[in-house]
Structure formats: structure tokens, C-alpha cells
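Presented sequentially are two complexes of chain A, the first with chain B as partner and the second with chain C.
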Partner chain A sequence: MTLNQQRKLKTILTGLFAWSVALVLFFPIFWMFITSFKTELQAISVPPSLFFEPTLDNFRIVQERSDYIHHAWNSVVTSFGSTIIALIIAIPAAYSMAFFPGKRTKDILLWMLSTKMLPAVGVLVPIYILCRNYGLLDSKTALVIIFTLMNLPIIVWMLFSYFKDLPKEILEAARMDGATPWDEVVKVVLPLSVGAISSTALLSIVLCWNEAFWSLNLTASDAAPLTAMIASYSSPEGLFWAKLSAASTLACAPIVIFGWFCQKQLVQGLTFGAVK
Partner chain B sequence: MKRLTKNTLTYAVSITAAMTAASAFSATQITVATVNNGHMIEMQKLTPEFEKANPDIKVKWVTLEEGVLRQNVTQDIANGSGLYDVMTIGMYEAPIWGERGWLQAVDTSGNYDEKDILPSIRGGLSYEGTMYAAPFYGESSMVMYRKDLVKAAGMEINDRDSWEHIRDVAAAVNNPEKGIYGICLRGKAGWGDNMAFMTAMANSFGARWFDENWKPQLETSEWKNAVSFYVDLLTKYGPPGSSSNSFNENLALFNEGKCGMWIDATIAASFVTDPKQSKVADKVGFAQSPYAVTEKGANWLWAWALGIPAATKNAEAAQKFVRWATSKEYIQLVGQKNGWAAVPTGTRTSTYENPKFQKAAVFADAELKAINSADPTDSTLKPSPYVGVQFAAIPEFQAIGTTTGQMISGALSGSMSVDQALKSANTSADRQMRQAGYY
Partner chain C sequence: MSYLTITDLQKHYENYHALRGINLSISEGEFVVFVGPSGCGKSTLLRTIAGLESSTGGSIELDGRDITEVASSKRDLAMVFQSYALYPHMTVADNLSFALRLAKVSDAEIKEKVRSVSASLQLDALLERKPKELSGGQRQRVAIGRAIVRQPKVFLFDEPLSNLDAALRVQMRLELARLHKKLGTTMIYVTHDQVEAMTLADRVVILNAGQIEQVGTPLELYRQPNSRFVAEFIGTPKMNLIPANRILRNEDTLSIDIFGQQISFPANRLKGPLPDSVVIGIRPEHMSLVETDGDLTGRIELVEHLGSEAYAHLQLSSDQTIIIKAPARTELKDGQEVCIKIDTSELILFNENDRVISVIPEEA
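Right after this comes the complex of A and B.
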């Protein structure tokens, strides 16, 4: 085997491996999608059927029973709202920690991350009582605040790792030209970090969109997002897989389409810092 | 003068319009929390009828997964948040929450006809004679079997067969090569899952959860016999992976024609006889649950009921809604709109006396017999201090039942022996009861 052939073989094998991993990861979504077009009986049949007469009945039932637009709007407001607020807080925080690190910067970063290590259920009762006392139960405000706090550590970390790699000389040059700290952030750091910020924002939006624990515990009807709508299709007594799949497909659709359009930024952002 | 009259008229019209708008705006809104069961969804669809009759009340629905609903309503009620005005609860919660003053008593005055409610169901939802939740639909457990398979195997199933006979039928029908299993039973861990079935079965073996001094009795020979029989039966003649099957999984297997027998909630009868979702709809027979040494507690009793939290700010509207949804008139309405096979059953004597219902529901007699034979106040052979057939209506039971369920599910999957499972479960139950101050 020549060196060229060896290289070709390696490329093919790597490609095959990548495709197999992608297929394994994609399979549950694919299965959910096709189950949403089955009848309840087809959805539970063993062995499962790949070829069947598709029906849109489940989507009709979901449309009839749930106010999809209401839930989708709640998801949009909470995920985009919390991401914007989190970015407003995280950008200056990451900037100061990356360019003006103090003695305790590393400790602060670790402490921020440590808040993610506490299981959410551990603080459910105090947060529930706080929300009750401030009249925030079943409100989008409560979800926006919680989602912001929930994602803030990750956003700060991601932006910090990116800002850290920006050459300090660029900022020094800006300072020489009389730039204030505000100018430095707005006119130098932000334009250089559009990719990192958009991918961080995207990740935060996706995390908020898929969040179920707080959504289910703190909302009832007014502020219930799409995750709460999906959960309402599980039934203790009766078949529900096809309807649940239809509800899940409808809930995933907007974020999948959104992610599709922003794929370039997402890949760029997720791999930043990978090759130095 | 003419102008004055015109102006007066305009003002009058405007004021009337404003008042009408204001009165429409001030309609009381109630939030109803429920689970995604067929009968509840039907109630949701028929709510406009209630709103039409009560234009000053608007109903908002919150449908949740059962576990989440329990968690949310417990949080809501324990913290007095008043997020929900009506909540779907079960027979386990109603007397406990009623005793604690968390629920308002159901208003049964006037034409509600409380006496029409099946006595066992009414008793299970009451504390010291006061009903704290109104039954929306009730259920017991019974045997559902494939008449064709049982007949082909030269066997018979009758009311109150012995567990030995059920095992013989399961052995005769079992044909795993053709994908048919003798018997399907719940195996998934949970106080409302495998333990609902297991407790009823254990009752019929003479077992009880606690003795008169609240000491757990899981290590007694009665429990050992019952659990050993169950594990042996399901291991030999049950479908693979039984330890993760509960109501829905078994429903799916039965409807696919893969179970010779299934012992579960009577509500399943309406699903397995529905040709739209069952491949064996015309081949199903029903019989009363089997027993070993006593018929007491051999079949369970449960009701999904509507309760009104004490913290609600819209008590009057909530009472009106609960009375409407659990009334005879509501059952009539469902019968007229969706057919009599689709009415919520297990709550009122008048439903079973209705000839239209008797004609439409082939399972009516078996269901009524099962519900009437269950007595939550006397469900064990030896005396016990608790109320409930397949559970003990004490706050600690939820945790104790689920832990025991996990152990028994472990024994079923082969990860531990029956003796080990019951020993661990008993130790855990003993610790919890001690901590709770029972002794």
C-alpha cells in the first residue's frame, strides 16, 4: 500500500467513524420525528415499523389541545431575554478578568463554576418560596432571572477563555490612541469577538430553550414554555408516545431551524481556542 | 332638547357598554391542574359548556405529567401559593390533606346527589365523614384475558380464581416463540406502580404493611410467599424486561396481542376493547382478581378526584366547577356527545344503572363488582391501623412504598433474592417509621 493509498484509507475510515457517531447522535431525533407521524398503535408496535402510512392526526390533536404559539412565545421571551441580560453582565465581567486579572480571579472563576455543581433540586424550596413571596410564580420574569443566573457562569467562562487569547497589544494600542475602558470594550473587544459572543449566546439560548426543571416547577399556565407543553403529553393511563413525539417535534423545530441558520457561528465558537 | 336626548342616549349606551365590558373583564378565572388521562382531556374539551352556563367564570387548564403534578400540587398546597384553584388528586392524598386542613370540603348540598356516589369511593376520599375531593373517575383492578388463547389452551378463567389456577393458565397460554406471554403484570418500581399491584396481591396472601403498633411487616411469611409467587410467575411466564413495565407498557403489550392475561386497573378495559387502539378488542374477557388465602384487599381501589386547595382565592367558582365536572349531568353530557362507552366510570351508581351505558360498556358489571368489593377500611386479613387497599394513607407511605418497590423490582430482575429485598425494605421502612415518631 502506497503512502497515498494509506492516506485515502485513513480519510475514508475517519469519515465513516464520524458518520457513525453522527447517526447514533441523530437517531433519537429521527425516531421522534417519524413516531410523530404514526398512530398510537404503530408507535408502540414491536418490532417497530419503519414503513407505515403517515398521519398528521397527532399534530392536529396537539394544535387542538395546546396553545402552541403561547408556549413558543414564552420560550422565546425567556431564552432570548435571559441570554441578553446574561451577556450584558458577562461581557464586562469576562473583560475585566481577562485583561486585568487580580490575585483572586482564578478563585472567582472557580467559585462561579462551583455554583453549577449544586443539583438544582437542592435549592428548589427556597427559590419557590422566594418566588411566591415576590409574586413571581408562573411569571416569565422568574424564569428569565433564573435562566440568567443559571447560564451566567458558563457564559463568563466561555467569554473569558476567548478574551484571554486576544493580544493585549491591541488594547494597549487603543489606549495609546486615547480610548477609554468603555471604548476598549465596545470598539475593540466586541468587534473582535463577534464569533465567540454569538456562539456563546446560541449555546445559552439552546440551554434555556431545553430547560425543564425550573419551567415545570415554577410555572403553571401563563408562563409555561414549550418544555412544559411537552411534559403535559405524558399520561399515566393511556398510550401517548405518538402525541408526545408530535409535541416534541413542534417544540424542537424553531430552535433546530435557528441553529441551522447559525451553524457557522456555532462551530466557530465551539472550536475557538481549540487550535492555538 | 333633541341634542340633549341624543347625548343622554349616547352616554347611556357608552356606560352600559363599559359596564358590560367591565363585567366581562371581571370574570373569575380558575386554574385547574390535571393529568393527561383520556377522561380529563374530555373534560377540558367540554369546559366551554360549563363556561356557557357560568359566564362569570373562565377556566384555565394546566396539564402535567403525573409525577410533576404531585410535586407541584404538594408544593402549592404546602406553601399556600394559591397557584391552582382545582387540582386532580388521588385517593391517597385526599384523606391526608383533608386531615391537615389543606383542602376545602366538597360542597355536596342541593342537587349534587352525594348518595349516588359509590360508597367505597366516597369513603376513600373522606376524612372523618367529610368528603375532601369529588371523584371524577374511579377504578379497581381485575383480570383481563384473551378468551381465544385461554380457550385454545383448554383452560377457563372465572371470578376470584386462586393464584395457583392463574399460574396454570399462564403456563398453558405461554408461547414465547410466537411472542405470546402467559401473564403481564406491573414490575416498574414505584408506590403507584408495582406496589399498587403487589400490595393487593400480598393482601390476598394474608399480608399487611403494618401491625397495630405501626411496625412494618415486610419480613413476614405472608409477604415472602406473595413476592416469591409473583417473581416466579413473571420470570417463567411474563414478557422479558417485566421489571420496567407499568400500566402503559403492559397496555401496549396487551393491545399488540402479546399477553394472555393482564391484571391491572379496570380503566384499562375501555382501552383494550377499543378497536382503534387494540388489535384484540373483540377477544377480551374480564374476571374478578384472584386470591390466595383471603379475598380481602385482593383488588385495589383508586379514584382520580378534584380537590380545592384551602388557599384558593376563588373558592366559590372552584366549587361550582367541581360540582359540575363530577355531577350526574356531566356524565349525561359526555354520553350524549361522545357515546356512553366514553363516560367517566367508577363514581356514581346511576351510571351503572343507565341502560345505555350497560349496552355500550361490556366491562360495566365486572368493573362495578370490583369497585364494590374493595373496602379501604378493611383490606387486610389481620388487623391493620391504616386506611387504603393498595397503600396506607399516611404521609410516610409514598417513600416507604417506593423503596419497597425498588427492592421488589430488583428481586424480579434477579439482582437480589426475595428474602434480601424484603429484609432491606423492612429495615428501611422501620427506620422511616421510627424517625416519623410512630414508635
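Right after this comes the complex of A and C.
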């Protein structure tokens, strides 16, 4: 085999591998999507039917039974709200740690990350009691606070690692030009980190959107986001696969569409630091 | 009257003493160059003046005001960085006007100032471009323009030319000299390149290991270094340093023995007592090749032709080579035995502590 042929073969093999991994990962989503257009009978038929007459009944029932719009709105408020608050806290924190590191900056960063190693269930009871005592059970406020705290370490870390790579001299030049710390952040650091901040925000939104543990435990109906709505379809009367699929499809859809538009930022966000 | 006064300035890092008591006064309008080998503290000194590093002792006074504890943004200094440090997200025009906009200068005035600065630096055609669309030389000019436009009290330059290629560096050096002439503003310039220091400076400050080694005009430093460090640092090719074996004093002259050959030196040019051993220093251009009656003889090892002149490497003994300047069209051959005459009025003597112990005669 010539070198050229070897190279071609390698391309084909890596392509094949990548595609099969992608298909394996995509298959459950695809299956959920088509199941949502089946009747309950078709959904559990063995062997599964690939060709059927699609129906929109499931979607109609889901909206009627559990008010999809209401839950979607809760998801939007909690994930966007908590992300914005987390960014407002994380940007100055990451800025000061990246540009004015002290002796203990590394320790603080590690300590923040260490909070992510604690299993959430370990603090469930105290947090539940706190929420109950403050009348925050089944409220969006409680979810926003929890989501903010939950994602803060990740957001600080991501922004910190990006800010750290910004050339220090640019900030020093701004300082020499008469910029106050506020000017420095608003007029230099933020415009230079639009990409990093939006990808970080996107990641945080996705994480909040997918969050189920706290949503299920702290909300009942008023503040229940989409994750809690889906869970309500695994009921004691048995599983209704088609309706469950319809609910899941509806729950995923907004974030998939949103993510599609922000694909570029998302990839950059997940890989920056690693590639650069 | 001193414009910028630095008194006993200290900078300690965790386990490193970067500035060890710097005392310096700079007059208004002066062009001062800090020069020294890497790690000597020259950039630290500049950054401390800028306020980008905090000092751990001593004081800095600018135009009658103590600025030691003042924030960089309030010191009224402008700085040009080695990496240019332009704002990548702004156009050239925005880069130039950034400081003015922060200072809330009126739009009309900003426009006028940006226009005049960009015209004087030939940036008019580039005003709408982003820094990444500019060449290195253009970026450097924007960085300089950004400093000029503010009309600061002092310009600080941190190795501004070291990222440029050789030809451009010479051209920018000239532009900077012109700029200083035109603006008449005080400038402090850091470089490790002694040619830049010599050509640009009114006064050169030579730093070594966090201390000032010597301050003087370029020619003073060249002719009257006060230590071996300065003597070796200034001048290309380097000053020749030859250890003398023995010195004898007979009345008015010192007789210095170099590899068995004698050089005589007037005793009245000696400062202080005669040490046991000395090193003599002589620049390549202060020696000449002669037919007879020379001070030293040696064998030509190598001749370097530079076109306008030539440098001959001469072997005095098995482990001592000196460089001597020769006429451009010299016909010296490798391996040839030659006689050289030393211009003793330019001879410098160093003691065992590398300090200079001779004086240069006035009239020469």
C-alpha cells in the first residue's frame, strides 16, 4: 500500500468510527422523537414498527394534562435567571483571581471546585428545611438560588481559565490610559471575552435546563420546570411511552433549537483552554 | 530642577530583591535610557515608575508631587509596551482615542487630536482597521500614537523595538529620536540593546543586579566607565581586557608588564594606591598597527571585514586574544606576526574589584 492509500484508508476508518459513535449517541433521541408520534399501542409493540401513521395526539394530551407552556416558562426563568446572576457574581470573581492572584488563589479555586464533589443528596435535607422555613418550597426563587450556587464554581473556573489567557499588557495599557477597574472590566475585558462568556452562559443554561434532582425535590406544580413535568409521566398507572416521549421531546426541543443556533460558542466553550 | 526624582527605591519579590535602592533624578525634557543585561531590574524599575508594580520602599516624585502610592491611571504617564498591547477589539482610531474618551474630552477635540497624531505617524489610511490587520511596524506606530495623543508628563517605553526586524528597528529608532526632538517631552526608555541606548539617550542609566552601575551621557560612559561591567557592556566590539602580570613604578611612569612586553603609563593618571594586580582595558579603535616600535606584538588569528572597516583578532598568548580595528582595505593575513601601538591616553586600568583606577586626560 502506498503512503497515499494508507492516509486515505485512515481517513475513511476515522470517519466511520466517528459516525458510528455519533449514531449510537443520537439513536435514543431519534427513537424518543419518533415514538412521540406513535399511539401507545404502537409504542410498545414488539418488534417495533418503523413505518406507521404519525399522530399528534400525544402532544395535545401532554399540553392538556400538564400545561407544557407553564413548565417551559418555569424552565426558561430558572435557567436564564440563575445564569445571569451567576455571571454577575462570577465575572468580577474570575477577573480578580486571574489578574490579581494572591498566594491562596489556587486554593480558593480548588475549594470552589471541591463543592461540586459533594453529592447533592447529602445536603438535601438541610436545604429542604431551609426552603420550607423561608416559604420557598415550590417557588422559582428557590430554584434560581440553588441553580446559581450549583453552577457558580464551573462558571468561575471557565471564565478564570479564559481571562488568564488574555494578555496582561492590554489591561496594563488600559490602566496607563487612565482606566479604572470598572472601565477595565467593562471596556476591555468584557468585549474581549464575548465568546467565552456566551459559551459559558450557554453551558450553564443547558445544565440548569437538565437539572432534575433539585427540581423534583423542591417543586410540586407552581414552580416545576420541564424536568419535573417529564417525571410526572412515569406514574403508578404504568408508563405511557408515547406520551412520555412527547413530553420529553417537547422538553428538549427549546434547548436543542437554542443550542443549534449557538453551536459554535458551545464547542468553543467546551474546548477552550484545552486547544489553545 | 529635577522633574522626576526617585529616592532609595526598593522592590522585593517573595524571595528576590529586584531593586536595591535606586536613586535617580531626571530633568524635564530629558531622554533617559535604562539599559542592562536581562534580569538587571530595568523593566521592573520602569514598571514601578508606571505604577504597574508597587514599590516596597523609597519614593517617586513627579513634577513636585509624590506619586509613590498613586494608581497608574492617575499618574499622567503614557507607556508603550514591547508587545504593543493594542486593544484588539477596537479600530486604530478607537485605540488612539481610548484614553481621551476615558478622560471625557469633547468629541471635536478627540477628532482633532486623533487626526493630527495619525497624520504625523502616517496612520491616516489605517484608522478604520483593527490591530490584527496591521503589520508589526504599523502596530508599533499605533502604540506610540496612543501614548502621544494624551500629551502625558512622561513617556515610558518598555523595549518597544525588540519585536521588529532589524531594518525596521533602525528606522523606528530614528523616528523616536525625531519625535523626542519635536515633542520635547520627558522620555524613559528601557532596552537591552546598547546601540539603542547610545543613539537615543541624552543620558544612559546602566543597571546591574538591581542597582545603578553608572549614569552618564553615552560618550561619558564610553570613554570613562567607572567599572569593568560598564566598560564591557558599552561598545561593539567589546573593549579588550588584558590582565597585567606585574606593574613597576619608576618615578612618573608605571611600567605594565603584559606577557613579557612593557607598556608605560603616566603615574599621575592613577587614582589612589597602586594595587598588586591590574587589568588593562583598551578599545579596538585605540590601537593601531605599526611597522616598528610597537607596544605589543601578536599573531593574526582572523580578520573580519565589515566593508567600512575591519576587525583583526590578534593572539597575544595562547589564551589571550584581543580585537583591533584595522582600515577597511587591510591586507592582513591570517597567521601574520604584527606590531601594534596602543594610544595610552585612552588606556583604562581596573583593580582586582573591577573598579576603574585611572582617569582619562582632559584634553584628549
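Throughout what follows, the second predicted complex is superposed on the first by the 275 of 276 C-alpha atoms of A that agree within 3 Å, B and C clash if a C-alpha of one lies under 4 Å from a C-alpha of the other, contacts with A are read in each partner's own complex, and residues count from 1 in each chain.
Following the convention adopted for this analysis, a residue touches a chain if its C-beta (ideal position, glycine included) is under 8 Å from a C-beta of that chain, and two chains touch if they have at least 3 such contacts.
Note that the coordinates shown come from a computational prediction; the quantities given were computed from them, not determined experimentally.
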item: Combined model on chain A where chain B meets chain C, clash or fit; value: fit
item: Partner chain(s) touched by A:I129 [first = chain B, second = chain C, both, neither]; value: first
item: Partner, of chain C and chain B, that touches more residues belonging to chain A; value: B
item: Which of chain B and chain C A:L192 touches, first, second, both or neither; value: second
item: Partner chain in contact with A:M176 - chain B first, chain C second, else both or neither; value: second
item: Angular separation of chain B and chain C about chain A, which is computed from CA centres of the superposed model and rounded to the nearest 10 °; value: 160
item: Touching partner for A:P167 - first (chain B), second (chain C), both, neither; value: second
item: First (chain B), second (chain C), both or neither touched by A:L118; value: neither
item: First, second, both or neither for A:L3, with chain B first and chain C second; value: neither
item: Chain B versus chain C - smallest C-alpha distance in the overlay, whole Å; value: 51
item: Contacting residues of chain A [partner chain C, same complex]; value: 167, 169-170, 172-180, 183, 187-188, 191-192
item: Of all residues in chain B, those that touch chain A in their complex; value: 31, 33, 35-38, 41, 44, 60-66, 68, 71-72, 75, 79, 81, 83-84, 192, 247-248, 251-252, 255-256, 258, 265, 267-268, 271, 277-279
item: Residues of chain C touching chain A in the complex; value: 50-52, 71-74, 77-79, 81-83, 85-89, 98-99, 102-103, 146, 150, 156
item: Touch list for chain A against partner chain B, complex; value: 40-41, 44-46, 65, 125, 128-129, 132, 137-138, 216-217, 220-221, 224, 228, 231-240
